[in-house]
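Remarks on the structure that follows.
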Amino acid sequence: MTKPITREQDLASLTGNNPLSMKAERLSLFYGNKSAFKDVSLEIKSGGITALIGPSGCGKTSFLTCLNRLAELTPSCKVSGRILLGNRDVQALNVISLRRQVGMLFQKPNPFPLSIFRNIEFPLREHGVRSREEIDRIVEDVLRNVGLWDEVKNRLKAPALSLSGGQQQRLCLARALALKPEVLLMDEPCSALDPISSAVVEDLITSLHGKYTVLVVTHNLAQARRIADEVALFWVADETGQLIESGPVAQVFESPQHAVTAAYINGRRG
Amino acid sequence: MALLAAAIVLLIILFLVWETLPILQSIGLARFFNDSSWHPTSEEFNLLPMLWGTLLVTVGAVLIATPLGIASAIFCHYYAPRAIANLYRRLVELLAGIPSVVYGFWGLVVLVPIIGRIRPPGASLLAGILILTLMILPTITLVADASLTSVPPEYLRGCAAMGLGRWATVHGVVLPAASSGLLTGVILGTGRAIGETMAVLMVCGNVVQTPKNVFEPVRTLTANIALEMAYATGHHRAALFVSGLVLMVIVFVLVIAAELLNRGRIYV
Amino acid sequence: MKNLRILAPLSIGAATCLLLQSCSKPPSAANQSANTPQGKLVLTGSSTVAPLASEIGKRYEAEHPGVRVDVQTGGSSRGIADARQRVADIGMVSRSLKGTEKDLQAFTIAKDGISVIINSDNPVKSLNARQIVDIYTDKINNWKQVGGLDAPITVVNKAEGRSTLELFSEHFKLKTEDIKPDVVIGDNEQGIKTVAGNPNAVGYVSIGSGEYAATHQTPIKLLPVAGVAASITNVSNGTFPISRPLNLVTNKSPTGLTKDFIDFARSQQAQDVVKEQYFVPVSQ
Amino acid sequence: MSKNSPTPGQEDELQLTSTLKRAVTRSLPLWISSLQPAELLPTVILWAVATVVTGALLWLLSDVFWHGTGQISWEFLTTSPSNAGRDGGIAPIVVSTSLIVGVCMAVSVPLGLGTAVLLAEFASNSSGLGQLVRLSLDVLAGVPSIVFGLFGNAFFCKTLGLGFSILSGGLTLACMVLPILIRSTQEGFRAVPEDYRRCAAALGISRTAILWELLLPAAMPGVTVGLLLGLGRALSETAALIFTSGYVDRMPESLFDSGRALSIHIYDLAMNVSGGEPHAYATALVLVGFLVLINGTTSWLAERFRQSKIFVL
């Protein structure tokens, strides 16, 4: 089930091998007795880029954290419904291997207070990659993939926190890619970055198309339109987040089924 | 105000120098390292064996207490259920305040006879190391505990998101992130170990010799001062203050060494 | 921040005020009016004498309500130094004065013997002077050489400069450099505990402490010296050969309150206190 | 978990560290169920360490309890010692100890916190001043207590003319406690995210308010540890006090009186007075009780202060 992180299966060779899709079925989440979102069913298509849009507080991020079971770290949090990775229930999976297969990028870059190299090496080692040259190769690969290699190749031992915000975010992406995940969850990955870094990261996300199943939360409608194949709109109704509409980008943006969607994408609401 | 600490150190050094000046002027510093032995009443002032005593006891205790202390803190934070962690913390806090006399007394009555049964006389380097380990453990544990508290939660979340296990999170991210605090704990602990007097005096045997194994008795510089100050006069008394001065020099060297070692290794 | 900026100088200021106030107080005024002594008496020195002096002080205070007797410790050498510099009214010294200290006056308030102790599991009944010397110089290092079990001897010695060590080595004509100890101790109780915890140890301690411990379930026994049983009684009647005086010393001939207190400490009124502290009263 | 959502999740976000920590612990069953071999070994080792340490510490404590409980009575706590401490109680000694610790804390807490704040907020760690102070503190932490005692005697008792007094003892202890207090408080301040400072400053909040409302509460774990360790050290100190606060076991009338501390009383009874052992144990037990009380109060107050500042939204 879990792809081994090996030489044979580096990024280039993955293209022929379709990444797993994810599917939420009637998913609800409560913090204590307050509902964050309710009855969300959504399929995240294999190899596609799905954008989650909607106003603040409608449960997008909460939804994201359910998918890799990070929500379990919040004590008062209760989840009901079912999530499938490929065709397996995530609750049945070992949480560690689940999180290896479902990577995550946060809104604020969060590299560890280690060296640049160690930031990537450390999770690799923990997931069983031991050989030195293997690690060196993967580190170089993923750093090249995120376009960071030329910028940092001479100072791999420097503290990761000395990088700029955009570089840090790309390092975090590289770190996630190094684990060869099937799915990548991104929580507004560009919103804390300047426009140039943001564009770089955005291009990176586009380049992941086909190789990974990507789910990205964004407030930037233009961005969603640029990068995504599918769009899902969350909205607050009845004091809880709900999935209003989802579908291919062109369909949602050009002929929305729902009045709320139309208002939102035209900038009249939200 | 910030310079107060520096001022106190300076005052203490001045005080020590003032007290040792007569003997340093009349016989010089070299005698304290070249004399054949320590018999201050017969004007022989070799401090080297006690220097070794102090170093061995301290290093031994720090080497044992550091992993134990840090492990205890990790245990409290990431492994123990909350109730047990709190209980454990309270216990350790309590031990931080037990007088050294009580430790020493316990060592003398309980620990020394046990070691004595393995290999007489019992009062030994080993006994000193064990007692000091217990005494500095609370310091290291509590400071480490506080610094673990301060590890930013994003790191933990980042680790979780990558599917890292608990131990991987701890040793890969938490420890490096908290390293400065851990080091502070170790330094404070080492300071306490070097400066400890009463407990060491009771369990170490206090024979002036360079020990060949852990079962041999040793005397530390602090015990030397405490043991002999009561009856010392003239040069003998001044020589005891030289012990104090030498001790300060060791502390200086250790602190600077720690500083250098540490420089550039901490990323936060 | 403001709070702290204000607090810190405040506390320093407060400390300084208190300090000035204390300077204006006479440090240890021995206001003397011979019949009704009043004031404060400061004693410093030997920790051996301190509990005794403290108890005598309490009794003296009870009889002279205007007087306060403050007893501080710090060792015999401190007693000498403080008495000489008149930092203290009276110094406490647990040995006789040395040649260089003849500028001071000593008043013996009690005596204390020194006895050799071994663990009570040790079958050895007595050691002669020669054997003790050989044990302490490491010529004998197994109990079977002196009629005991086959076990190495743990020699417990006192730290250099201590008066019990000086007295002990003087009596047995030992040079401190020649003593080869396995354990060096400071206070008497430490010696007793060391010997009690080690069946093969031999040491020497103050006779009062030793006798108390031996009669109160501590597993040690006192060996006779030169055929004389080690006991407070034998020190008292002068037959026990090793003893030391516990002295109060003053800079010059004591007057007023100081004199009154020293006289009190040496009088019959204080003798039972001396006995209670397991020392030997001086017969007057 | 979202920064933007006004869901109750936001509370958790605000509680940051403590919540996540609790969460990690809470999820224990989850973690164990997914235990890999690489996780098993450290888990076993850590539990073993905790057991061994607890064992050793309980051994020591129970020894004190075992010998001490029989001696303790109301009278022991309320009367003065007699017969060199073999009989009577320890009332004046408890009072003296409280006063000494009080003086020590009254001087060292403002000084220590002030210095730590100064260093953390106004002098960078690598600046000359910061380094000098840190170096001095580390050296100070390693000065043997007996040297402190002799120094305190020469400086406070003689040079400043305070004599053997509770004040001298408290001040000497303050010198000893200062490095512990400052260093752990400093560590506490390091823990405060830079964002707090910047955000607050951007909102035009005064430095005092930032310090009081944000930094100090956030640094509280470090400060508390510093206080606990400092108090512990102050209560347990023998060598430094014997030369400064003295040996007199009378009820003190002012801070200028000499007063015997509990630890000195224990030392004297255990090491200097034949037959003092039972009361030595009893006194040690009282000290332990004292410590439980002080530690408990300190932790509670610190936590209350922290909560009153941080969790009020």
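In order of appearance the chains are A, B, C and D, and numbering begins at 1 in each one.
As a convention for this text, a residue touches a chain if its C-beta (ideal position, glycine included) is under 8 Å from a C-beta of that chain, and two chains touch if they have at least 3 such contacts.
Model, not experiment: these values are computed from the prediction.
Under the contact definition, subunit B and subunit C share the contacting chains D.
Most remote from subunit B, judged by the distance between CA-atom centroids, is A.
Ranked by C-beta contact pairs, the top pair of chains is B-D.
Centre-to-centre separation between subunit A and subunit D, using Cα means, comes to 46 Å. In terms of their C-alpha centroids, the spacing between subunit C and subunit D amounts to 35 Å. Centre-to-centre separation of subunit B and subunit D, using mean CA positions: 18 Å. Rounded to whole angstrom units, the spacing between the C-alpha centres of subunit A and subunit C is 78. Chain contacts: subunit D has residues 19-20, 22, 24, 34, 36, 38, 111, 114, 270-271 touching two or more partner chains.
Multi-chain contact residues of subunit A (touching two or more other chains): 70, 73, 95-96, 126.
Counting only residues that touch two or more partner chains, subunit B has 1, 157, 165, 168, 226, 229, 268. Within the complex formed with subunit D, the residues of subunit B that make contact are 1-6, 8-9, 11-12, 15-16, 19, 67-68, 71-72, 74-75, 77-82, 85, 88, 90-103, 105-106, 110, 134, 137-139, 142-143, 145-147, 149-153, 156-157, 165-168, 170-171, 180-181, 184, 187-188, 190-192, 194-198, 221-222, 225-226, 229, 241, 244, 247-248, 250-252, 254-256, 258-259, 268. Against subunit A, in their complex, subunit B makes its touches with residues 154-155, 157-165, 168, 172-173, 176-177, 267-268.
Subunit A meets subunit B in the complex at residues 68, 70, 73, 95-101, 103-104, 106, 108, 110, 112-115, 122-123, 126-127, 159-161, 172, 175-176, 179.
Listing the residues of subunit B that touch subunit C in their complex gives 1, 37-42, 44, 108-109, 112-113, 116, 120-123, 201-202, 205-208, 217, 219, 226-233, 236-237.
Subunit D meets subunit B in the complex at residues 16-17, 19-22, 24-25, 28, 31, 34, 36, 38-39, 41-43, 45-47, 49-50, 52-54, 56-61, 63-64, 111, 114-115, 118-119, 123, 129, 131-133, 135-148, 150-151, 154-155, 175, 178-180, 182-184, 186-188, 190-191, 193, 221-222, 224-225, 228-229, 231-233, 235-239, 262-263, 266-267, 270-271, 280, 284, 287-288, 291-292, 294-295, 299.
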